[in-house]
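Letters A, B, C, D, E, F, G, H, I and J name the chains as they come in the text, with residue numbers starting at 1 for each one.
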Amino acid sequence: MLFQVEMTVMIPADMPAETAAEIKAREKDYAQELQRSGIWRHIWRHAGAYKNTSIFDCRDNQHLHDVLTGLPLFPYMQIDVTPICRHPSSIREDDR
Amino acid sequence: MLFQVEMTVMIPADMPAETAAEIKAREKDYAQELQRSGIWRHIWRHAGAYKNTSIFDCRDNQHLHDVLTGLPLFPYMQIDVTPICRHPSSIREDDR
Amino acid sequence: MLFQVEMTVMIPADMPAETAAEIKAREKDYAQELQRSGIWRHIWRHAGAYKNTSIFDCRDNQHLHDVLTGLPLFPYMQIDVTPICRHPSSIREDDR
Amino acid sequence: MLFQVEMTVMIPADMPAETAAEIKAREKDYAQELQRSGIWRHIWRHAGAYKNTSIFDCRDNQHLHDVLTGLPLFPYMQIDVTPICRHPSSIREDDR
Amino acid sequence: MLFQVEMTVMIPADMPAETAAEIKAREKDYAQELQRSGIWRHIWRHAGAYKNTSIFDCRDNQHLHDVLTGLPLFPYMQIDVTPICRHPSSIREDDR
Amino acid sequence: MLFQVEMTVMIPADMPAETAAEIKAREKDYAQELQRSGIWRHIWRHAGAYKNTSIFDCRDNQHLHDVLTGLPLFPYMQIDVTPICRHPSSIREDDR
Amino acid sequence: MLFQVEMTVMIPADMPAETAAEIKAREKDYAQELQRSGIWRHIWRHAGAYKNTSIFDCRDNQHLHDVLTGLPLFPYMQIDVTPICRHPSSIREDDR
Amino acid sequence: MLFQVEMTVMIPADMPAETAAEIKAREKDYAQELQRSGIWRHIWRHAGAYKNTSIFDCRDNQHLHDVLTGLPLFPYMQIDVTPICRHPSSIREDDR
Amino acid sequence: MLFQVEMTVMIPADMPAETAAEIKAREKDYAQELQRSGIWRHIWRHAGAYKNTSIFDCRDNQHLHDVLTGLPLFPYMQIDVTPICRHPSSIREDDR
Amino acid sequence: MLFQVEMTVMIPADMPAETAAEIKAREKDYAQELQRSGIWRHIWRHAGAYKNTSIFDCRDNQHLHDVLTGLPLFPYMQIDVTPICRHPSSIREDDR
């Protein structure tokens, strides 16, 4: 089941650089692991912003909640969730 | 080059049902032709709304403009465009 | 799987009274049938408004979309959907 | 008498972890006590957010005010209150 | 139990003048009857607008809903409801 | 001359508790003195919020400004002012 | 006593040109009469818009309400009212 | 050439009182000097707020920019600029 | 003197096609004449929208107002005006 | 390919003056280098604000993203991006 998720990252100006770097490294590992498992289907960056649009494929709303709150950057993000489904005009079998 | 496009359809209440059906049929043909050509990469419906999130792959902004204004439903839609690009954490080579 | 759905009804001022009455009667039948089947779990009216807050229990996002777009009043409503899940402080086993 | 209450939790980034944990533990106790007494009827989490939608059953507006301002997390929450009542299409006798 | 209610009147430009006058006359009668019964405690006009702020004293949310939807101008108003209660600094015994 | 005033209190999280208590005590004294003098006619609390709706009776806009900026909590409040006047449907002689 | 008033004119597209011209002529006469009497102190047009910012000098809120609702264009305007007073840094004796 | 400028002052809560007093004193001198020179034509305070509406008469946009960024309080203000011009209904020769 | 102007065109759905075509033809002539005279310096289309961002070079605010209200499409546009000036980092002598 | 970019600078009040000066100096160098290379085509300041409107000419969305995130002031700016293209009424060959 698919969800469109938009994440805007807002790291506090006074976070030490090493702390930020460490969190971002863990975030990247976590994101790539979820991509490899098929849960995080797509991720695109918004041009000119520290923001992304992602497509998640989760078992249900609880699963989505667990995945998102597990993000190392979760405490520093504004997250918008939109439940989506197959479009009747879509010709791609996998976009559902 | 990728763009996230969100389209909300607002067909006037007084449009005759046949006119609406005819426009929607043309919209579907046009959408599927663009999908087959690789320009309209993804389309998902927002659950509970007459709205979609789409990903377009266009040569440039002008190309995107021509594609979107060519939509049979264009006069009846609110359209939001966001230029997107590859995310450094993405493991998919084609999401760019 | 649960969804919070808020529906604001906006019937056009020029709709004939009988048409409105007929649509509302069908809406009520449809709503009660869905409640009896366990899909439409709760519905409350906002005091002083033609608006409700509802809780739906659907199989997935597609199921929710089909249920909501099947509402006789769907063309005359603004609908906001929020995917929800069990709260860790909840003591009710059924609120999930 | 029923109220829909939406609470968004915003704990300051510089609150010590133990302080936060202690407040959350008291919040959970308080929430479960109110649920057992029938005042806090429902609580659902918004998927992907530190936010909930709740239904309270209070004697009057003053009672609701006392219950909400008594929440240990009250100083760290944005709260939206909507007075609700029985929907004429509802088939549940208890949703009032 | 008290509620602050703000009503903005928006009569369609094409409503015949006699119809509007007749609805407004019924609205005034209804408003004054509710004031005499103690339900509609206060009503003030916003300077320069077709809008009022009112204080209602109702038994519960359902009572408020019935009173407001009974307004002859209800279909032509935007209504905002805020549940209020006694302020601890108030010296008036009746403002509760 | 009447004004509707809505005040939302936002005390900084790092204000020492004694300082906050001292300011609130002065605020209450000031509010009750203004109520006794007839300037602060009504004050109601919004259920579930640190916010009030008040009605002031001032000689003119300058008088209102002086009264509001004299509030001990003024630096910590968001204030919205609406000039109001007698409603033609009002049956209360004093609501003007 | 002074008020800042911003008026945005929105004449319906289907109003006959002669009707619009007649209303605007009456509006201009009314505006100039109020300016001569000292009630409508200033009026400036927003560059590129059918909108103005005005300063009114009225006896009280009721007077302002009567003046504004007497505008021939009142039914076709969005009006925003802000009560203003003398600024302590002002060197003009008449701007109060 | 005229501009309507609205300034909302937001002095940080942790600015030392003497610093604030010194900046405000310089602001007042600067404002009065600009008024005497005819550049800052009007200034009115919003009743109940640390905010003003002003009318500036500048040679061009660059001149306005230099005047506003020269305000001692500039770093602590939200400023909204609206270019205005003579209204065809105005009877004052100087309001242009 | 420069102004950034954003225009969103909203032609009513029931305007006859020939009328719309005739207005657009006049708009194009007017726009090109203003470009040739140096008043309308730049015009760009927003990709995917019936909207443009333009730069005007006018003598003063009144001149801008006359130019914009003279647009054949003026009654069908939402217009946003921002006064701009030379940026201190600009290396182009003509962008002022 | 062109993009309209609006940047609002928000430097934290507690940044040391020398740090701010050093960042701004690097920003100016970077901006002028990009202007000389033809990538940053135009930059105008908003009168009365620490904000600019710019036109960028980039190879694609990724190029724009790299250019903008490379700005020394990037962490302290709110940035809005709008993809634009040639307007059919434009007479300038280079505005594309």
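Keep this in mind: contacts are C-beta pairs under 8 Å (C-beta built on N, C-alpha and C of every residue); 3 or more make two chains touch, one makes a residue touch a chain.
All values derive from a computational prediction rather than experimental measurement.
A.B. asks: What is the Cα-based rotation angle between copies subunit B and subunit E, on a 0 to 180° scale and rounded to a multiple of 5?
C.D. replies: 145
A.B. asks: Between subunit A and subunit F, what's the gap in Å when you average each chain's C-alpha atoms?
C.D. replies: Comparing mean C-alpha positions, subunit F is 45 Å from subunit A.
A.B. asks: Using the average of all C-alpha atoms in each chain as its centre, how far is it in Å between subunit C and subunit J?
C.D. replies: 46
A.B. asks: Where in subunit B do residues touch at least two different other chains?
C.D. replies: 2-3, 45-48, 61-62, 64-65, 81, 83-86
A.B. asks: According to the definition of touch, which chains form touching pairs?
C.D. replies: Going through each pair of chains, those in contact are A-B, A-C, A-D, A-J, B-C, B-I, B-J, C-D, C-E, D-E, D-F, E-F, E-G, F-G, F-H, G-H, G-I, H-I, H-J, I-J.
A.B. asks: Under the stated contact criterion, what part of subunit D meets subunit C in this complex?
C.D. replies: 2, 4, 27-28, 31-32, 35-36, 42-48, 52-53, 55, 82-92, 95
A.B. asks: Can you tell me which positions in subunit I touch subunit H when the two form their complex?
C.D. replies: Subunit I reaches subunit H through residues 1-3, 60-62, 64-65, 81, 83-86, 96.
A.B. asks: Under the definition above, what is the set of subunit A residues touching subunit D in their complex?
C.D. replies: Touch list, subunit A to subunit D: 3, 5, 12, 61-62, 64-65, 68-69, 75, 79, 81.
A.B. asks: Under the stated contact criterion, what part of subunit C meets subunit E in this complex?
C.D. replies: Residues 13, 45-49.
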